[in-house]
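Here it is, the structure, as structure tokens.
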């Protein structure tokens, strides 16, 4: 369920929160997206888009933190202590 | 593309696979609830990278698959009315009702159109005052805010020739239905990350507590899925049953308050029949009385009678993770994407279609 | 435009729109049929009908498509395209300016492809009985090599694609009502003969050529695998797809392997010939992204792909057109 794709907000228009719209860049393709659920979003930030609506502003620092954790594979998770 | 490519890194996925293998000392069965995740798993060949003792079973999280036949029949009936422009996401068009699909209806002269967003349907209604524009509002918690906003905008900008067929479903009641089955063998859940992006994960804490199952909020890319599986396996090995968020770049505990507010404004929960499973209390959304005039079935007096499923179809058991698609006698023989018996063979994210398309046929 | 049964209206269409654009000696004689000179070589013939909505799209129109589609089918037979016939079904009410644009595009594409439109026909149908214009073209070409087809493909052969995939299908979707988006993606529609003739001139042993039109790469490879009874193994990481096509496919929920192309083909050559064939294709300047994406091997008639993350999956034929989805 629920194909939702990250894209970068390049333009925001509209004053009334319920009708907030913007353009979102997906790898160079621009699509008009409704932004009423992410009124805080700023140009340049990434949003998760589903059915023409931004559902969330993606948290870059959170993403970086988890990826760093994963990439330093030694720190990935402590290995299990053995079966138990 | 940022936020996608990093999560499709082959080396990282392999390393996570090795971690899972090193962690899993016992046999575990984990259900990914969401069909989108099933799709990623099969499309990227992820199961090959998992140890044999970690089994994935595919859940009921495909709104198209669980939309009952009678609702599709009613949608087709409305679409065939003169003066109606029937709009839908592409997903629903090929799904057969008991007689016709929406594509069949189009071939017989109905004006059926694909939209990308429900707001496109409202815009169409605004442009075509002489027509009645109906939108097939299908979806889980992820899609409900978009559909609710379409109704709200229509109501607040005087677009009266717009209405919806509401076919919304909710995830937590479906998870409980799976867990409540005496045959249930699911030991942990990967919770659908995009549903949680909207609704948060507070409500899964109750499920984890009540049934003693780990629930890991999981994203949709290969790295995300492996991370989710690793999280679930670690909890299972530790004997924990917690809700854990492994999709933190998109999901907060409280979800998206703005989106939840508009859903609560326009919709209320209702009992809902799930195709192949049956009625589940409080598992659907219908329009609140203040918005009831936007209900297409009422507006057009369309009937939703009881329709029996083809007997050969095991979709209900597949959707509950009790049967792998390949375990069904009809799979690939009496039931193919060209001649489907049930919706999981039709929908792009249906488990049977994914197995058929990506090669679970060996 | 009014409904014309073969009277003055159709006559004026021919005088005003078609003849000025299709300035060929043979068509200009306005006889019931065309006389062709004697040809030295074996002939190849193909026919195709074109229906597309919308009629104009970024990078082309139904007019250019009707030429490219047919001359490319000839090229896939290893045949130099020489002549085209054209049949038009026009819907009453079609704007003459739009028709003129379609016909002009068609003439330009024919000129660039080196083919002459030798005979043509027009019918007008009632309003509501057509989508503006339908075009049929039949192409005649002369074969410069012996037969190339799936039956000649062998285990050990390499699969080469001529360029990045999916532009045409995505360009069409970008202007389709209900889906439209703004983009720099133009259709990849173009004539493939120059690239194919370069392979022939370089003496590459060509086993099979197939253009990647409707159903995309996946359909073409599955057809070959089934016709020849071999397994085709491809590597996802090597398949060229541009960033905007990927982006559009992501948010529309489409798989680029199934998206249509109108200016891309795959060629199957002996494994040892592959590097040279890629070099020749690149040297034409028309296939800069050409590359080897896989190989044929003994096995069941199917296409198997090594995924980007190192898994394996079947790439099957699609039933019906891919539809944008939200699930």
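Just so it is clear, A, B and C label the chains in written order, and each chain counts residues from 1 on its own.
By definition in this document, a contact is a pair of C-beta atoms (placed from the backbone, for glycine too) under 8 Å apart; a residue touches a chain by one contact, two chains touch by 3 or more.
No experiment lies behind these values; they were computed from the predicted model shown.
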item	value
Core chain by centroid distance, with centroids computed from Cα atoms only	B
Pair of chains whose C-beta contact count is the highest in the structure	A-B
Approximate Å spacing (C-alpha centroids) for the pair chain A, chain C	37
Separation of mean Cα positions, chain B and chain A [Å, integer]	20
Residues within chain B bordering two or more other chains	1, 4, 35-36, 62-63, 89, 116, 120, 139, 143, 349
In chain C, residues with contacts to at least two other chains	243, 246-247, 250, 253, 325-327
Chain A, residues touching no fewer than two other chains	1-3, 5, 26-27, 50-51
Footprint of chain A on chain B - complex, ascending	1-4, 6, 12, 15-16, 19, 22-23, 25-26, 34-36, 61-63, 89, 116-120, 139-140, 142-143, 145-146, 149, 152-153, 156, 192, 194-195, 197-198, 220, 223, 227, 230, 234, 237, 248-252, 256, 258-259, 262, 349
Residues on chain C engaged by chain A in the complex (per definition of touch)	174, 181-185, 243-244, 246-248, 250-251, 253, 325-327
List of chain B residues in touch with chain C within their complex	1, 4, 8-10, 13-14, 35-36, 42-49, 62-64, 87, 89-91, 93-94, 113-116, 120, 124, 139, 143, 222, 336-338, 347-349, 356-359, 361
Footprint of chain B on chain A - complex, ascending	1-6, 8, 17-19, 26-27, 34, 36-39, 46, 48, 50-53, 55-56, 58-60, 62-63, 66-67, 70-71, 73, 76-77, 79-80, 82-84
Residue ranges of chain A in contact with chain C within the complex	1-3, 5, 7, 23, 25-32, 49-51
